[in-house]
Amino acid sequence: MNRNDMQSCIQACNACAIACEHCASACLQESNVEAMRRCIQLDRDCADLCRMAAALMARGSDLAADFCGLCAKACRACAEECAQHQHDHCQQCAQACHRCAEECESMARAA
Amino acid sequence: MNRNDMQSCIQACNACAIACEHCASACLQESNVEAMRRCIQLDRDCADLCRMAAALMARGSDLAADFCGLCAKACRACAEECAQHQHDHCQQCAQACHRCAEECESMARAA
Amino acid sequence: MNRNDMQSCIQACNACAIACEHCASACLQESNVEAMRRCIQLDRDCADLCRMAAALMARGSDLAADFCGLCAKACRACAEECAQHQHDHCQQCAQACHRCAEECESMARAA
Amino acid sequence: MNRNDMQSCIQACNACAIACEHCASACLQESNVEAMRRCIQLDRDCADLCRMAAALMARGSDLAADFCGLCAKACRACAEECAQHQHDHCQQCAQACHRCAEECESMARAA
(Lines give C-alpha, C1' and ligand atoms only; values in the text may rest on other atoms or scores of the structure.)
Protein backbone atom coordinates (compact mmCIF):
# COMPACT_ATOMS: atom_id res chain seq x y z
CA MET A 1 0.00 0.00 0.00
CA ASN A 2 1.08 3.54 -0.77
CA ARG A 3 1.58 5.44 2.49
CA ASN A 4 -0.28 8.60 1.43
CA ASP A 5 -3.23 6.56 0.15
CA MET A 6 -3.35 4.71 3.44
CA GLN A 7 -3.32 7.95 5.45
CA SER A 8 -6.19 9.21 3.34
CA CYS A 9 -8.15 5.99 3.89
CA ILE A 10 -7.50 6.06 7.64
CA GLN A 11 -8.83 9.61 7.79
CA ALA A 12 -11.93 8.64 5.82
CA CYS A 13 -12.55 5.65 8.11
CA ASN A 14 -12.22 7.74 11.25
CA ALA A 15 -14.50 10.44 9.85
CA CYS A 16 -17.06 7.83 8.82
CA ALA A 17 -17.02 6.12 12.21
CA ILE A 18 -17.69 9.44 13.93
CA ALA A 19 -20.48 10.33 11.50
CA CYS A 20 -22.12 6.94 12.00
CA GLU A 21 -21.97 7.09 15.81
CA HIS A 22 -23.50 10.55 15.74
CA CYS A 23 -26.13 9.56 13.17
CA ALA A 24 -27.24 6.52 15.19
CA SER A 25 -27.74 8.61 18.33
CA ALA A 26 -29.47 11.42 16.45
CA CYS A 27 -31.76 8.94 14.65
CA LEU A 28 -32.76 7.54 18.06
CA GLN A 29 -33.94 11.03 19.05
CA GLU A 30 -35.98 11.68 15.91
CA SER A 31 -39.76 11.80 16.20
CA ASN A 32 -40.00 9.28 13.37
CA VAL A 33 -37.65 6.81 15.02
CA GLU A 34 -39.68 3.86 13.70
CA ALA A 35 -38.59 4.90 10.19
CA MET A 36 -34.94 5.04 11.25
CA ARG A 37 -34.57 1.44 12.41
CA ARG A 38 -32.45 0.24 9.52
CA CYS A 39 -30.36 3.40 9.53
CA ILE A 40 -29.48 2.89 13.20
CA GLN A 41 -28.66 -0.77 12.68
CA LEU A 42 -26.37 -0.06 9.71
CA ASP A 43 -24.73 2.87 11.51
CA ARG A 44 -23.68 0.53 14.32
CA ASP A 45 -21.98 -1.89 11.94
CA CYS A 46 -20.39 0.77 9.82
CA ALA A 47 -18.94 2.62 12.81
CA ASP A 48 -17.41 -0.56 14.21
CA LEU A 49 -15.93 -1.71 10.92
CA CYS A 50 -14.51 1.72 10.06
CA ARG A 51 -12.83 1.99 13.45
CA MET A 52 -11.23 -1.41 13.06
CA ALA A 53 -10.22 -0.80 9.44
CA ALA A 54 -8.32 2.32 10.55
CA ALA A 55 -6.62 0.37 13.33
CA LEU A 56 -5.58 -2.50 11.05
CA MET A 57 -4.11 -0.12 8.50
CA ALA A 58 -2.24 1.85 11.14
CA ARG A 59 -0.72 -1.31 12.57
CA GLY A 60 0.24 -2.69 9.17
CA SER A 61 -1.92 -5.79 9.48
CA ASP A 62 -1.73 -8.51 6.82
CA LEU A 63 -5.53 -8.42 6.82
CA ALA A 64 -5.92 -4.67 6.29
CA ALA A 65 -6.75 -4.85 2.57
CA ASP A 66 -9.26 -7.69 2.93
CA PHE A 67 -10.81 -5.89 5.86
CA CYS A 68 -11.12 -2.69 3.83
CA GLY A 69 -13.04 -4.65 1.21
CA LEU A 70 -15.56 -5.72 3.81
CA CYS A 71 -15.66 -2.26 5.39
CA ALA A 72 -16.55 -0.83 1.98
CA LYS A 73 -19.61 -3.11 1.89
CA ALA A 74 -20.71 -1.78 5.29
CA CYS A 75 -20.18 1.79 4.06
CA ARG A 76 -22.12 1.23 0.81
CA ALA A 77 -25.09 -0.26 2.67
CA CYS A 78 -25.12 2.56 5.22
CA ALA A 79 -24.70 5.26 2.57
CA GLU A 80 -27.61 3.91 0.55
CA GLU A 81 -29.91 3.86 3.57
CA CYS A 82 -28.85 7.22 5.02
CA ALA A 83 -29.21 8.95 1.67
CA GLN A 84 -32.94 8.22 1.74
CA HIS A 85 -33.50 10.30 4.88
CA GLN A 86 -33.58 14.09 4.90
CA HIS A 87 -32.20 14.62 8.41
CA ASP A 88 -28.93 16.56 8.28
CA HIS A 89 -27.12 13.84 10.25
CA CYS A 90 -28.26 11.24 7.71
CA GLN A 91 -27.17 13.29 4.72
CA GLN A 92 -23.79 13.99 6.31
CA CYS A 93 -23.41 10.36 7.24
CA ALA A 94 -24.26 9.26 3.70
CA GLN A 95 -21.50 11.51 2.37
CA ALA A 96 -18.93 10.23 4.88
CA CYS A 97 -19.91 6.63 4.09
CA HIS A 98 -19.72 7.20 0.35
CA ARG A 99 -16.26 8.74 0.59
CA CYS A 100 -15.05 6.00 2.94
CA ALA A 101 -16.38 3.28 0.63
CA GLU A 102 -14.39 4.71 -2.26
CA GLU A 103 -11.20 4.95 -0.19
CA CYS A 104 -11.63 1.42 1.18
CA GLU A 105 -12.36 -0.06 -2.25
CA SER A 106 -9.22 1.57 -3.57
CA MET A 107 -7.25 0.15 -0.63
CA ALA A 108 -8.72 -3.32 -1.18
CA ARG A 109 -7.73 -3.26 -4.87
CA ALA A 110 -4.19 -2.10 -4.08
CA ALA A 111 -3.46 -5.14 -1.91
CA MET B 1 -28.06 -19.04 10.69
CA ASN B 2 -29.07 -21.72 13.16
CA ARG B 3 -29.32 -20.19 16.63
CA ASN B 4 -27.41 -22.94 18.45
CA ASP B 5 -24.61 -22.84 15.89
CA MET B 6 -24.37 -19.11 16.32
CA GLN B 7 -24.20 -19.38 20.11
CA SER B 8 -21.42 -21.89 19.73
CA CYS B 9 -19.52 -19.61 17.35
CA ILE B 10 -19.95 -16.60 19.64
CA GLN B 11 -18.53 -18.60 22.53
CA ALA B 12 -15.56 -19.70 20.42
CA CYS B 13 -14.91 -16.12 19.31
CA ASN B 14 -14.99 -14.79 22.86
CA ALA B 15 -12.73 -17.58 24.11
CA CYS B 16 -10.31 -16.95 21.26
CA ALA B 17 -10.21 -13.19 21.85
CA ILE B 18 -9.36 -13.76 25.51
CA ALA B 19 -6.67 -16.34 24.66
CA CYS B 20 -5.11 -13.98 22.12
CA GLU B 21 -5.05 -10.99 24.48
CA HIS B 22 -3.44 -13.12 27.16
CA CYS B 23 -0.96 -14.69 24.73
CA ALA B 24 0.16 -11.31 23.37
CA SER B 25 0.89 -10.00 26.87
CA ALA B 26 2.58 -13.23 27.96
CA CYS B 27 4.71 -13.28 24.78
CA LEU B 28 5.86 -9.74 25.57
CA GLN B 29 7.18 -11.00 28.91
CA GLU B 30 9.07 -14.00 27.49
CA SER B 31 12.86 -13.94 27.57
CA ASN B 32 12.88 -14.76 23.84
CA VAL B 33 10.54 -11.90 22.95
CA GLU B 34 12.43 -11.31 19.69
CA ALA B 35 11.18 -14.73 18.52
CA MET B 36 7.59 -13.86 19.45
CA ARG B 37 7.18 -10.78 17.24
CA ARG B 38 4.88 -12.35 14.69
CA CYS B 39 2.89 -14.13 17.37
CA ILE B 40 2.20 -10.84 19.16
CA GLN B 41 1.24 -9.09 15.92
CA LEU B 42 -1.18 -11.86 14.88
CA ASP B 43 -2.63 -12.08 18.39
CA ARG B 44 -3.60 -8.40 18.19
CA ASP B 45 -5.49 -8.85 14.94
CA CYS B 46 -7.13 -12.09 15.94
CA ALA B 47 -8.35 -10.70 19.27
CA ASP B 48 -9.89 -7.66 17.59
CA LEU B 49 -11.59 -9.62 14.82
CA CYS B 50 -12.94 -12.29 17.16
CA ARG B 51 -14.44 -9.66 19.45
CA MET B 52 -16.15 -7.94 16.56
CA ALA B 53 -17.35 -11.20 14.99
CA ALA B 54 -19.08 -12.08 18.27
CA ALA B 55 -20.69 -8.64 18.40
CA LEU B 56 -21.93 -8.77 14.80
CA MET B 57 -23.46 -12.20 15.32
CA ALA B 58 -25.12 -11.15 18.57
CA ARG B 59 -26.67 -8.10 16.93
CA GLY B 60 -27.84 -10.02 13.87
CA SER B 61 -25.76 -8.00 11.44
CA ASP B 62 -26.17 -8.56 7.68
CA LEU B 63 -22.37 -8.73 7.54
CA ALA B 64 -21.90 -11.36 10.24
CA ALA B 65 -21.29 -14.30 7.89
CA ASP B 66 -18.84 -12.42 5.67
CA PHE B 67 -17.08 -11.14 8.74
CA CYS B 68 -16.79 -14.65 10.14
CA GLY B 69 -15.07 -15.69 6.92
CA LEU B 70 -12.43 -13.01 7.43
CA CYS B 71 -12.17 -13.77 11.14
CA ALA B 72 -11.42 -17.39 10.27
CA LYS B 73 -8.44 -16.21 8.22
CA ALA B 74 -7.11 -14.28 11.21
CA CYS B 75 -7.61 -17.34 13.42
CA ARG B 76 -5.87 -19.70 10.95
CA ALA B 77 -2.84 -17.42 10.68
CA CYS B 78 -2.60 -16.99 14.45
CA ALA B 79 -3.09 -20.72 15.12
CA GLU B 80 -0.33 -21.64 12.69
CA GLU B 81 2.13 -19.22 14.28
CA CYS B 82 1.24 -19.98 17.91
CA ALA B 83 1.46 -23.75 17.33
CA GLN B 84 5.17 -23.36 16.57
CA HIS B 85 5.95 -22.05 20.06
CA GLN B 86 6.15 -24.28 23.13
CA HIS B 87 4.97 -21.71 25.69
CA ASP B 88 1.75 -22.85 27.36
CA HIS B 89 -0.02 -19.61 26.42
CA CYS B 90 0.90 -20.15 22.76
CA GLN B 91 -0.29 -23.76 22.73
CA GLN B 92 -3.55 -22.78 24.42
CA CYS B 93 -3.99 -19.87 22.04
CA ALA B 94 -3.36 -22.14 19.04
CA GLN B 95 -6.13 -24.45 20.22
CA ALA B 96 -8.58 -21.59 20.80
CA CYS B 97 -7.74 -20.15 17.37
CA HIS B 98 -8.12 -23.51 15.66
CA ARG B 99 -11.51 -24.12 17.21
CA CYS B 100 -12.69 -20.57 16.44
CA ALA B 101 -11.54 -20.90 12.82
CA GLU B 102 -13.66 -24.01 12.39
CA GLU B 103 -16.72 -22.38 13.96
CA CYS B 104 -16.32 -19.23 11.88
CA GLU B 105 -15.80 -21.15 8.65
CA SER B 106 -18.97 -23.09 9.37
CA MET B 107 -20.82 -19.82 10.04
CA ALA B 108 -19.49 -18.28 6.82
CA ARG B 109 -20.67 -21.28 4.78
CA ALA B 110 -24.12 -21.25 6.40
CA ALA B 111 -24.82 -17.70 5.23
CA MET C 1 -6.35 -9.71 41.19
CA ASN C 2 -7.23 -13.28 41.97
CA ARG C 3 -7.12 -15.34 38.78
CA ASN C 4 -10.42 -17.17 39.35
CA ASP C 5 -12.21 -13.94 40.16
CA MET C 6 -10.86 -12.40 37.00
CA GLN C 7 -12.01 -15.35 34.89
CA SER C 8 -15.45 -15.00 36.41
CA CYS C 9 -15.52 -11.27 35.66
CA ILE C 10 -14.34 -11.81 32.06
CA GLN C 11 -17.13 -14.33 31.52
CA ALA C 12 -19.70 -11.92 32.96
CA CYS C 13 -18.43 -9.10 30.73
CA ASN C 14 -18.58 -11.23 27.59
CA ALA C 15 -22.07 -12.48 28.45
CA CYS C 16 -23.22 -8.93 29.13
CA ALA C 17 -21.79 -7.59 25.87
CA ILE C 18 -23.62 -10.29 23.92
CA ALA C 19 -26.89 -9.65 25.77
CA CYS C 20 -26.62 -5.89 25.13
CA GLU C 21 -25.88 -6.28 21.41
CA HIS C 22 -28.84 -8.62 21.06
CA CYS C 23 -31.12 -6.38 23.16
CA ALA C 24 -30.27 -3.27 21.11
CA SER C 25 -31.13 -5.02 17.84
CA ALA C 26 -34.28 -6.60 19.27
CA CYS C 27 -35.42 -3.25 20.73
CA LEU C 28 -35.03 -1.69 17.26
CA GLN C 29 -37.51 -4.26 15.93
CA GLU C 30 -40.13 -3.74 18.63
CA SER C 31 -43.40 -2.10 17.67
CA ASN C 32 -42.94 0.38 20.53
CA VAL C 33 -39.44 1.36 19.43
CA GLU C 34 -40.06 4.97 20.49
CA ALA C 35 -40.22 3.72 24.09
CA MET C 36 -36.94 1.83 23.69
CA ARG C 37 -34.72 4.77 22.77
CA ARG C 38 -32.83 4.97 26.04
CA CYS C 39 -32.51 1.19 26.25
CA ILE C 40 -30.87 1.07 22.82
CA GLN C 41 -28.51 3.93 23.66
CA LEU C 42 -27.41 2.37 26.95
CA ASP C 43 -27.05 -1.06 25.34
CA ARG C 44 -24.53 0.37 22.88
CA ASP C 45 -22.35 1.82 25.61
CA CYS C 46 -22.60 -1.19 27.87
CA ALA C 47 -21.69 -3.64 25.09
CA ASP C 48 -18.62 -1.61 24.13
CA LEU C 49 -17.39 -1.16 27.69
CA CYS C 50 -17.93 -4.80 28.63
CA ARG C 51 -16.00 -5.98 25.60
CA MET C 52 -13.08 -3.73 26.42
CA ALA C 53 -13.12 -4.58 30.12
CA ALA C 54 -12.77 -8.28 29.22
CA ALA C 55 -9.88 -7.49 26.89
CA LEU C 56 -8.04 -5.34 29.44
CA MET C 57 -8.35 -8.02 32.12
CA ALA C 58 -7.21 -10.76 29.74
CA ARG C 59 -4.14 -8.75 28.76
CA GLY C 60 -3.26 -7.83 32.32
CA SER C 61 -3.62 -4.10 31.77
CA ASP C 62 -2.63 -1.67 34.53
CA LEU C 63 -5.96 0.04 33.87
CA ALA C 64 -8.16 -3.05 34.16
CA ALA C 65 -9.46 -2.34 37.67
CA ASP C 66 -10.22 1.33 37.00
CA PHE C 67 -11.89 0.34 33.77
CA CYS C 68 -14.02 -2.23 35.56
CA GLY C 69 -15.22 0.50 37.89
CA LEU C 70 -16.44 2.54 34.92
CA CYS C 71 -17.86 -0.55 33.20
CA ALA C 72 -19.92 -1.23 36.33
CA LYS C 73 -21.49 2.22 35.96
CA ALA C 74 -22.49 1.41 32.38
CA CYS C 75 -23.92 -1.92 33.53
CA ARG C 76 -25.90 -0.37 36.39
CA ALA C 77 -27.46 2.25 34.11
CA CYS C 78 -28.35 -0.33 31.48
CA ALA C 79 -29.73 -2.79 34.04
CA GLU C 80 -31.96 -0.14 35.56
CA GLU C 81 -33.40 0.84 32.17
CA CYS C 82 -33.80 -2.68 30.80
CA ALA C 83 -35.51 -3.89 33.97
CA GLN C 84 -38.38 -1.48 33.26
CA HIS C 85 -39.30 -3.19 29.99
CA GLN C 86 -41.14 -6.50 29.79
CA HIS C 87 -39.58 -7.77 26.55
CA ASP C 88 -37.68 -11.02 27.17
CA HIS C 89 -34.50 -9.56 25.69
CA CYS C 90 -34.71 -6.61 28.08
CA GLN C 91 -35.26 -8.80 31.13
CA GLN C 92 -32.39 -11.09 30.13
CA CYS C 93 -30.17 -8.11 29.44
CA ALA C 94 -31.03 -6.58 32.82
CA GLN C 95 -29.93 -9.80 34.52
CA ALA C 96 -26.67 -9.99 32.55
CA CYS C 97 -25.96 -6.31 33.33
CA HIS C 98 -26.74 -6.75 37.00
CA ARG C 99 -24.43 -9.73 37.31
CA CYS C 100 -21.66 -8.01 35.36
CA ALA C 101 -21.95 -4.87 37.50
CA GLU C 102 -21.41 -6.95 40.64
CA GLU C 103 -18.40 -8.74 39.15
CA CYS C 104 -16.87 -5.50 37.89
CA GLU C 105 -17.42 -3.70 41.18
CA SER C 106 -15.70 -6.55 42.97
CA MET C 107 -12.81 -6.36 40.50
CA ALA C 108 -12.53 -2.59 40.95
CA ARG C 109 -12.36 -2.95 44.75
CA ALA C 110 -9.71 -5.69 44.54
CA ALA C 111 -7.27 -3.46 42.69
CA MET D 1 -19.70 19.81 26.56
CA ASN D 2 -18.91 22.53 24.08
CA ARG D 3 -19.25 21.15 20.56
CA ASN D 4 -15.99 22.61 19.20
CA ASP D 5 -14.06 21.33 22.19
CA MET D 6 -15.52 17.90 21.66
CA GLN D 7 -14.58 17.89 17.98
CA SER D 8 -11.05 18.81 18.96
CA CYS D 9 -10.91 16.03 21.53
CA ILE D 10 -12.30 13.47 19.07
CA GLN D 11 -9.61 14.43 16.56
CA ALA D 12 -6.91 14.10 19.21
CA CYS D 13 -8.21 10.69 20.26
CA ASN D 14 -8.29 9.39 16.71
CA ALA D 15 -4.80 10.71 16.00
CA CYS D 16 -3.51 9.16 19.21
CA ALA D 17 -5.08 5.77 18.47
CA ILE D 18 -3.44 5.72 15.05
CA ALA D 19 -0.05 6.75 16.48
CA CYS D 20 -0.26 4.05 19.15
CA GLU D 21 -1.21 1.28 16.71
CA HIS D 22 1.67 2.27 14.46
CA CYS D 23 4.11 2.61 17.37
CA ALA D 24 3.25 -0.85 18.73
CA SER D 25 3.88 -2.50 15.37
CA ALA D 26 7.06 -0.51 14.75
CA CYS D 27 8.37 -1.32 18.26
CA LEU D 28 7.82 -5.02 17.52
CA GLN D 29 10.15 -4.69 14.53
CA GLU D 30 12.93 -2.87 16.39
CA SER D 31 16.20 -4.72 16.99
CA ASN D 32 15.94 -3.84 20.69
CA VAL D 33 12.41 -5.21 21.04
CA GLU D 34 13.20 -6.48 24.54
CA ALA D 35 13.52 -2.83 25.62
CA MET D 36 10.17 -1.95 24.04
CA ARG D 37 7.97 -4.36 25.99
CA ARG D 38 6.27 -1.76 28.16
CA CYS D 39 5.87 0.64 25.26
CA ILE D 40 4.05 -2.03 23.23
CA GLN D 41 1.81 -2.96 26.15
CA LEU D 42 0.84 0.64 26.87
CA ASP D 43 0.31 1.37 23.16
CA ARG D 44 -2.29 -1.39 23.03
CA ASP D 45 -4.28 0.04 25.92
CA CYS D 46 -3.99 3.63 24.78
CA ALA D 47 -5.12 2.82 21.23
CA ASP D 48 -8.17 0.94 22.48
CA LEU D 49 -9.21 3.59 24.98
CA CYS D 50 -8.71 6.47 22.55
CA ARG D 51 -10.84 4.75 19.91
CA MET D 52 -13.63 4.19 22.38
CA ALA D 53 -13.41 7.69 23.86
CA ALA D 54 -13.92 9.14 20.37
CA ALA D 55 -16.91 6.85 19.79
CA LEU D 56 -18.55 7.72 23.12
CA MET D 57 -18.17 11.44 22.49
CA ALA D 58 -19.53 11.16 18.96
CA ARG D 59 -22.59 9.27 20.17
CA GLY D 60 -23.23 11.65 23.04
CA SER D 61 -22.82 9.01 25.73
CA ASP D 62 -23.57 9.85 29.36
CA LEU D 63 -20.25 8.22 30.18
CA ALA D 64 -18.13 10.20 27.72
CA ALA D 65 -16.63 12.59 30.27
CA ASP D 66 -15.80 9.89 32.82
CA PHE D 67 -14.33 7.79 30.04
CA CYS D 68 -12.17 10.69 28.88
CA GLY D 69 -10.76 10.93 32.39
CA LEU D 70 -9.66 7.30 32.24
CA CYS D 71 -8.42 7.69 28.67
CA ALA D 72 -6.22 10.56 29.83
CA LYS D 73 -4.57 8.20 32.33
CA ALA D 74 -3.79 5.75 29.53
CA CYS D 75 -2.39 8.58 27.42
CA ARG D 76 -0.22 9.94 30.25
CA ALA D 77 1.28 6.52 30.96
CA CYS D 78 1.96 5.87 27.30
CA ALA D 79 3.42 9.33 26.70
CA GLU D 80 5.80 8.96 29.64
CA GLU D 81 7.07 5.60 28.38
CA CYS D 82 7.31 6.53 24.71
CA ALA D 83 9.16 9.75 25.48
CA GLN D 84 12.05 7.70 26.86
CA HIS D 85 12.73 6.03 23.50
CA GLN D 86 14.47 7.74 20.62
CA HIS D 87 12.71 5.92 17.78
CA ASP D 88 10.75 8.37 15.62
CA HIS D 89 7.54 6.40 16.09
CA CYS D 90 7.95 6.62 19.87
CA GLN D 91 8.61 10.35 19.85
CA GLN D 92 5.64 10.96 17.57
CA CYS D 93 3.46 8.72 19.69
CA ALA D 94 4.54 10.54 22.86
CA GLN D 95 3.44 13.83 21.31
CA ALA D 96 0.08 12.45 20.18
CA CYS D 97 -0.48 10.93 23.64
CA HIS D 98 0.47 14.15 25.40
CA ARG D 99 -1.91 16.21 23.28
CA CYS D 100 -4.72 13.69 23.68
CA ALA D 101 -4.22 13.58 27.45
CA GLU D 102 -4.66 17.35 27.64
CA GLU D 103 -7.79 17.29 25.48
CA CYS D 104 -9.28 14.42 27.46
CA GLU D 105 -8.52 16.01 30.81
CA SER D 106 -10.22 19.19 29.64
CA MET D 107 -13.23 17.14 28.49
CA ALA D 108 -13.37 15.29 31.83
CA ARG D 109 -13.34 18.58 33.77
CA ALA D 110 -16.07 20.10 31.58
CA ALA D 111 -18.54 17.34 32.43
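The letters A, B, C and D name the chains in turn, as written, and every chain counts its residues from 1.
Going forward, a residue touches a chain if its C-beta (ideal position, glycine included) is under 8 Å from a C-beta of that chain, and two chains touch if they have at least 3 such contacts.
Since this is a predicted model, take the numbers as computed values, not measurements.
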- Task: Could you check which of A-B, C-D or B-C has the same interface as A-D, with more than half of the contact pairs identical by residue number?
- Result: B-C
- Message: I want to compare two interfaces, A-C and B-C. Which one has more contacting C-beta pairs?
- Response: B-C
- Note: chain C sits from chain B at a C-alpha centroid distance in Å of 22
- Message: Show the residues in chain C shared as contacts by 2 or more other chains, in ascending order.
- Response: 24-25, 41, 44, 55, 59
- Query: Okay, in this complex, where on chain D does chain C touch?
  - Reply: 41, 44-45, 48-49, 52, 55-56, 59, 61-63, 66-67, 70, 73-74, 77
- Mind listing the chain B positions that touch chain D in their complex? 24-25, 28-29, 33-34, 37, 40-41, 44
- Could you please specify the touching residues of chain B with respect to chain C in the complex? 10, 14, 17-19, 21-22, 24-25, 47, 51, 54-55, 58-60
